[in-house]
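Sharing a structure here in structure tokens format.
Lettered A, B and C in written order, each chain numbered from 1.
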Amino acid sequence: MKKPQRANFSFYLAILTLSLIVLLLFFLSLILGSESISLGKIATAFKEKDYSSFVLTIILKIRLPRSILALLSGALLAASGTVFQGYFRNPLADPGLIGVSAGATLGAVIFSSLSLFIPIGAFFGGLMAASFVYLIAGGSKTSTDSSRLLLSGTALGVLFAAITSVLLILKDKEIYKMYLWTQGSFNAKGWNILFMVLFPSLLSFFLMFLTTKKLDLLSFGEKSAETLGLNLQGTKLLCLTSASLASASSVCAGGTIGFIGLIAPHTMRILFGSRHKKLLPLSMLFGSSLVLFSDILARKIAPPMEVPIGIITAFIGVPFFLFLLRRGRQDG
Amino acid sequence: MAKIEVKNLTAQYEKGKNVLENLSFTVEDGEILCLIGPNGGGKSTLLTLLAGIGMGKIKKTKNSEILINQKKIESYAANKKAREISYLGQTEKLAWHFSVFETVLMGRYAYSSAYLPYSKEDKQIALSVLEDLGIFHLKDRLTNEISGGELQKVRIARSLCQNTDIMLLDEPFSHLDIQHQSKLLSLIKTIAEEKKKTIVISLHDLNLCPLLSKTILLVNKTEAFFGSLEEIFTESYLNKVYKTDFGLFRHPELDIPQVFVKN
Amino acid sequence: MNLKNKKWISVSIVVLASALLCMGAFARGKKEVENRTLSRIVSLSPAGTETLFALGLGDLLVARTDFCNYPPEALSVNSLGGFDGKTFSLESVLAFNPDLVYLDVTMHGHLTDNLQNLGIQVFETNIASLDDIYKEVRELALLFDIKQRAEELITTIQRAYTPMPLADMQTISLDTENEYAKVYWEVWNAPYMSVGSSSFINDVIREAGAINIFSDIAAAYPVVSEESIIARNPSLILLPADSPENWESLSKRTGWQSIDAIQNKKVIKIDGDLISRPGPRIGEAIRAVQEALQ
């Protein structure tokens, strides 16, 4: 039988290894980019400290904030995926499932057509969508049925997408811009976006860590969890708010990037089990690695063009995921 | 005063169709009440209501009252309620699988801070409960790696960790082999006696009733009969409610009534 | 045969049938535009409208799009709606009873088959270079037997700007020295989009005697990396006239202060109608770029 004892030893080892991987990828994200700059040049540039030189400008002003955003985005996506999967007790749940991404896209399109700052539109669009779903599907004090929430979220997501399409037809100049945006990209994202999402992101992380014990309990089903003392209403509010906040922040940072929210927690769950106290940080680290890696590829595949990152996460994510599913089935 | 008091309980899932009607009974401290009746007759609904959960789906009428320790059940906050009442449903679909120890430990949730890890004391309690139930050797196994009978014990262990005065059990013996049934039965009897718990247990197998308790509640939707074993466990009541032809005999060794189907 | 074989066979049949269907759709191909007496033209391309008028064929135009706003005479022709194929239908085109429809393959290529099936000729334009413009002008000349006017038009275009030595298409990076002025044309800034070698704007810049910093990318309108813009250090940045950006907003972008064009305040706007229409005024566009380079 394959499943090992989940000794603390392997957890801390995993955290350490993943952290090192994240650091390594972060470093690579700084030294690799569309423009090939040799390590020697980089070293010289840092030694000479000429901050107006192209090398330092590119590394410190373009690549640095971008890499931080990629790292952050990966963690946000993975964490919100973990919480959504835990709350809906569905290993296929993805931040997109509850309509947050669709709402964020709609917000982005509206702001874009009004020539307002798109990321803010995305952020609030995402939050509006989440609130809508919460109100419509679970407004009454006694209703906590998560399958209703999921269905409503999916339905509303489709509605938002339809409204978005209508807007794009009417304002056809927006189409290509938005098409690229929905594929996800960290192109043209710098310090200003980072400062915008930093506070909501950190807040969402804090809140998501508060959900871990509750999510464990929810695995027994809502009825059993309630009898063990879980306050279902409060849990719903905490889980959905924190995960939606994280999801909206990540869309604000990098557009809609798919699969990370699905793959990261699912992979870590197969490898390390479902205790959410462990699952959450593991997923976050893994998510960061995936996004950092994808962003490096996005810039290195056909420089100086940039491939939208959503395409890369799909190409990496899907086969990886299928491989994991097969592996899981062999053990079971 | 009674531990559990039910007064004029009328409940329905949808308007017009009463699942329970004007039900009134009490359970004293330390008593075991057996809940019997045909399938779909409202046993599970009653237990759910007694546990104070599923409030969204089941609607009670205004003059229905359920009192636990003389307090209305609605007035209990989630975690306070979990320290008074434990409930074991018929089935549980586990979304993920933790180890037996972790699962049982979660029974301590109501005593533990919602955000801090479980305390050493919590862990001690969980371990000792595992020992009491004879499943200590399974503590590191995952819940999808053990048998149905063992899993049922794990769930009971989890409920025991809640250290409640009241235990509500919904058909805990169904899906179990006969040898496990009898083991679990004596386990529950022991727990009830040693720890003086108030238990309401619904049973599918009528003949287990007399082994467990002296008080019966026979219910089938709008019909309900409450009383002692001798009063209710009779051919007339059982045949009326179950609409079958039961015969009753006295068990030679144990001196308790037992039923058999005549046709 | 057993069930498994049956399943495989039915799947294969479905796949084969779909493949044949697709091939059939593509096989229709492009019908040559015949030499007939054409007297009613609908133009779905602003550049095409300008070209038609410049060749003296404006009288034959019976309908145009809202965006066909030059020359002034074009405004008196009926319009059938916006530019995008989604804002007008095949029916709107047919309502004008054309015998020739002038359209841009990338925008309205999906209408070609339908129109041809209805017996209407289609002149498809797909311009990726300056030479393509001249080629199309000559094709129109053949169609309408106006060879001399076509050559006159081409000469007019070429005379509109100063001929300059042309740069080789090459990769420009942090290290390359370049004798040609480096130009960055910004299509959009979120994400950063510029022009590559298959866009005629690339040719416009080249003809003006400069070099597009992204001439090494084959795609027409690629998303480019911000760091490459900075590293390739353009000495001139061109923006479409309707862009909300200007030198000030560009100079505020993190890291852009080191770019020559920013330091020398060489951020110039060019009339979008001029430079993004591959038509008779393209020569003026090239001259505009040359003036910007001064």
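Everything that follows uses one rule, which is that a residue touches a chain if its C-beta (ideal position, glycine included) is under 8 Å from a C-beta of that chain, and two chains touch if they have at least 3 such contacts.
This is a predicted model, so every value here is computed, not measured.
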Using only alpha carbons, which chain's centroid is the nearest to the whole structure's centroid? A
Where centres are the averaged C-alpha coordinates, which chain has the largest centre distance to chain B? C
State, to the nearest whole Å, the distance from the C-alpha centre of chain A to the C-alpha centre of chain C. 37
Geometric centre distance via CA averages, chain B-chain A, whole Å: 43
Between chain B and chain C, what is the gap in Å from one C-alpha centre to the other? 76
Sites on chain A touched by chain C in the complex: 33-37, 52-55, 57-58, 61-63, 65, 115, 118, 169, 172, 177, 180-181, 185, 187-188, 190-191, 299, 302-306, 308
Of all residues in chain B, which touch chain A in the complex? 48, 51, 53-56, 77-79, 81-83, 85-87, 89, 92-99, 102, 106-107, 109-110, 112, 114-115, 117, 140, 142, 145, 158, 162
Flag every residue of chain A that touches chain B in the complex, lowest number first. 1, 3, 5-6, 89-90, 140, 142-145, 210, 213-214, 216-221, 223-224, 226-232, 269, 273-275, 277
Contacts from chain C onto chain A in the complex sit at residues 82-84, 86-87, 173-174, 188-192, 214, 216-217, 219, 222-228, 230-233, 244, 253-255, 257-258
